[in-house]
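Across the two complexes that follow, subunit A remains constant while its partner is subunit B and subsequently subunit C.
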Partner chain A sequence: MKIRAIALNTLKEAIRDKILYLLLFFAAVCIIFSRLLALLTVGDRIKIIKDVGLSSLSFFGALMAILMGTGLIFKEIDKKTIYTILSKPIHRFQFLLGKFFGLVLTLFIMLSLMSIIYLVLIFFHTFKIEWEMFIAILFIFLELCLITSVALLFSCFSTPILSSLFSISFYIIGHSAWGLETLIKKVKPGFGKTLAQILYHLLPDLENFNFKTEIVHHLPIPSTAFLYSTLYAIFYTLFILVLALLIFRKKDFI
Partner chain B sequence: MKKFSRERDLSTIFLVLLLILSCGVFMILKIENDNISRKKLPGSSVIFIPSGKYLKFATLGYSSLLADLVYLWAIQYYSNYSIPERFDYLDHIFSIIAELDPCYLDPYDIGALIAVYDARDLDIALKILDRGLEKNPDQWIFPYNAGHYVQMLKKDHILAQEYYKKMMEIEGAPVIARRLYADAAFKSMDYQTALENWQEIYQTAKEEKDERIKKIASNHIYQVKAAIDVQMVKGAIAKFKERYGRNPIDLSRLVKAGFLDSLPKDLDGKEYIYDSKTGEVKAPTIPWKR
Partner chain C sequence: MATVLKIEDLHKSFNMGFIPKKKKILKGISLSVEKGEIFGYLGPNGAGKTTTLKCILGLIFPQKGKIEIFGHPHLSLKAKEQIGFLPENPYFYDHLTASEFLNFYSQLFIMEKNKKEEKIKNLLRLVDLEQSADLQLRKFSRGMLQRIGVAQALLNDPSLILLDEPLGGLDPLGRKEIRDIIVHLKEEGKTVFLCSHILQDIEMICNRVAIIVNGRIINQGALQDLISEKILFTEVIFSGVDDKELEGLGERLSDQGGRTLLKVFEEKNVEKVLELIQSRKGKIHSLIPRTETLEDLFVEVVKQG
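== the complex of A and B ==
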């Protein structure tokens, strides 16, 4: 109940933020711009629209999660409102989870709005609703949840600017796991290889949520991939949230 | 107070255990996920990459960086033998890199190398190298490579001669350029050009006291002169045969019959070897054994 109250409050606070609408505007522009970009190509224009649209959803969603998530806790500390909240019978995990779910809810609404624009644009080209697109969007949402938890983690101990940088790095690393995989194949067995293997498994692999290519090309995707990717998102988010909670508990507010 | 502290300790232990557990689970899930083979379309987006000219405007000043990235990607892409149609857009991809960073020299060489040895498409290789020269007119390496490929794979010595000529005209081109040009001219049976150039090379080597090159040039002059003489003598033999219905017994008959003014001799003053049965004429010495 307390988590819900904080989450709703976070949502109200977030939707007042102008940056959210600015990002939404740019996302919409990018999605619509994909129509113009498609004119430059020789071949399947719908493919370009789908690709650019899904990438815009993913990119601007991640920007929203990072820019809003990194200031979430810091703002409360900076404005000293956290003292009022924590002086009430609220556990810190409730506060943290409330903030997390509040932002996840905000992202859900924003992603839904962007998706509507995107799906309408596709509908005007194909005259059919492509249900597979919802799978790609769902996994973009799971990725955003994970990024939100990371932004929240950094927000617990760092300034918004630094937290944004860390979160963006997390995002880049998450999408570059293939580089480490290639490195493992090339490095000779030994300490370096073991270290690379540990890092490969420990560092986030956001490509697990990337079904964009397969969906756009109508490729078959094993159902186990959906299952494991969903569980991966849940457990990685849980891991980050627990880490954030452990750090947040160490903070001395009262 | 003590109870509160104990509760806090217990919850910390619980959180740490949860942290380890979640970490273990997501690592296992990652391994499991990696084991799932997902159907991929490697390089399927290649045809959708717009022309480099348009792409350059979209890079916001990072065109060289994008060129690097496309080049790096291209190397990986062309190393992937599971894409049989990967060469379909070879020229397109390397033209993008050229548009993004025209002075980036490696992609022209590597692109041509891939085209020649992997794609077995000499025309694309020449297109890439021509583009390299067009964008970097001071780089002799492009006509050099083009000439080499044309000579080795197409045996088109006339085209090779053109490339080596371009190479020669570039400032800073190595001296070997003229030798390659002269050699290609000889192979394309442009004996006069070959002779003039080898003589010039000989003269330069003599002035620079480069004995090795002087020797090489001398041998080539011998070879070219012999080819000119043999061609001339064979022409005379053909005319002789046309008139008398047989080959001359010896070459002096050609002079007596008025087909030649005098009998040519090789560069060392030796007479050419003639076989009256077959009508074949050849130089008395192998040029490289002089």
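== the complex of A and C ==
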């Protein structure tokens, strides 16, 4: 009940923030722009629309998660609204989870709106609902949940600018983990290989949530891949949230 | 009388600066607040008043010491269910309207829906914000924010209300309104812990006070015990007497519009001044004996501290 109250207030705060609509506008422009890009490209136009559209959903979703998530706790401390909230009978973990779920709910709504624009655009070209697109969108959403938890973690102890930089780094590294995988294959056994292997296992691999290419080009996906990616999202998000809770529960609000 | 708030040997220090250096803010605070009283917690800026309050509320964690609220550990939900808090310079969610704001905060307590709506209406009436119920808080004036802050502090019908500088930054009318609400709370049997450095207001409404200087409580007790009732000096305003004749009888403070303000220290000198004015057919405009005020005590204690 208390987590719900905090979450709904976070949603209300985000919805009344103009930056969200600005991002939504640019996302819509990008999705519609894919139609123009398709006209200029040789090949299967539908695939271009699908591919650019899904990338737009992922990119703008991540941008929303980072921009809003990194200010989530910092703003409460900076504006001192946290003083009156934590003086009420509420545990700190309830507050933090409320903020997390509030932002996840906001992202769900925003992603749904962007997806509607995207799916309508595809429908005008294929005249059928492409159900497999929902799978790609679902995994984009799981990725956004993980990015939200990371942004929230940084927001617990850092300023929004630094948190944004950290979160963007997390996003970039997460999508470049395949580079390490290639490196591991090419490097001879020894210290370098071990270091690369450790880093590979420590750093996030956000490509686990990227089914865009397979779905757009109708490539086969191993049946265990969906399960593995879902579990990866759940456990990684939980791990980051636990870290955030550990920092937040002992934090002094000076 | 039952003890509502008990603080024992509270210590808190912070790491300050780029190269962290420990700075002690609270150096062994001990005090107790009894049921039904308005307890004034005074101190100059940076003395540790807000830090003490933050420790009580669980916003910061003391290194040493014990805090109990109604016999419960201060961090327990049972303790928090019985307190209301108004921070200094209240900052609230300014995207919410007044009624949305109170509704949101009420969800953090266990309350029936019907009772909750009634409570919100009553509180808006108490703080005179019924007309602004649907106005976003970002459009509120300083005084209105202070009043909605008082309303949120009373949502759970708390038995102990902690107020941090509730009268700061308000105009005289606003100060009177908040002061009246505090007195009204006391009449309802509630206990008020009031942090402030507006001494006139504290003197007017508090039963007991504690003065904190440099993280230590220097003086505490009932106001009548702390402030001496002995007359310190008498202020006489008169006209029609030549200043030279008053030499040695007192300290001349001002001379405006033919009226002289004289500060007379001894009672026998007051009599002499009055006789002189009468004999010179002068006029006495006012005669005020001054006893020690809380301000005098405060200044003295801070100087000692």
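To be clear about the criterion, the second predicted complex is superposed on the first by the 253 of 254 C-alpha atoms of A that agree within 3 Å, B and C clash if a C-alpha of one lies under 4 Å from a C-alpha of the other, contacts with A are read in each partner's own complex, and residues count from 1 in each chain.
Methods note: a contact is a pair of C-beta atoms (placed from the backbone, for glycine too) under 8 Å apart; a residue touches a chain by one contact, two chains touch by 3 or more.
It should be emphasised that the depicted structure is a prediction, and the values quoted were computed from it without experimental measurement.
Peer 1: Quick check on the superposition: with subunit A as the shared anchor, is it clash or fit for subunit B versus subunit C?
Peer 2: fit
Peer 1: Under the stated touch criterion, which partner chain does A:His125 make contact with: subunit B (first), subunit C (second), both, or neither?
Peer 2: neither
Peer 1: Quick check on the superposed pair: does A:Thr81 touch subunit B, subunit C, both, or neither? Answer first, second, both or neither.
Peer 2: A:Thr81 contacts subunit C only, not subunit B.
Peer 1: Which holds for A:Leu243: it touches subunit B only (first), subunit C only (second), both, or neither?
Peer 2: first
Peer 1: Between subunit B and subunit C, which makes contact with more of the residues in subunit A?
Peer 2: B
Peer 1: Figure out whether A:Lys12 sits in contact with subunit B (first) or subunit C (second), or with both, or with neither.
Peer 2: Only subunit C; A:Lys12 stays clear of subunit B.
Peer 1: Quick one: is A:His201 in contact with subunit B, with subunit C, with both, or with neither? Answer first, second, both or neither.
Peer 2: In the superposed model, A:His201 contacts subunit B only, not subunit C.
Peer 1: For the overlaid structures, how many degrees, to the nearest 10, lie between subunit B and subunit C at the C-alpha centre of subunit A?
Peer 2: Spelled out: centre of subunit A as vertex, angle of 140 degrees.
Peer 1: Check whether A:Tyr232 is in contact with subunit B, with subunit C, with both or with neither, and answer first, second, both or neither.
Peer 2: first
Peer 1: Please provide the least distance in Å between a C-alpha atom of subunit B and a C-alpha atom of subunit C in the combined superposition.
Peer 2: 6
Peer 1: For the complex, which residues does subunit A have touching subunit C?
Peer 2: 1-2, 4-5, 8-9, 12-13, 16-17, 79-91, 250, 252-254
Peer 1: Taking the touch rule as given, give the residues of subunit B at its contact with subunit A in the complex, in rising order.
Peer 2: Residue positions touching the partner: 12, 15-16, 18-19, 22-23, 25-27, 29-33, 36-41, 44-45, 47-48, 50, 54.
Peer 1: Could you pull out which subunit A residues touch subunit B in their complex?
Peer 2: 40-44, 47-48, 51, 201-202, 205, 208, 213-214, 217, 219-222, 224-225, 228-229, 231-232, 235-236, 238-239, 242-243, 245-246, 249
Peer 1: Within their complex, state which residues of subunit C touch subunit A.
Peer 2: So the residues of subunit C touching subunit A come out as 14, 54, 57-61, 77, 80-81, 83, 85, 87, 89-93, 95-96, 100, 104-105, 107-109, 149, 152-153, 156, 162.
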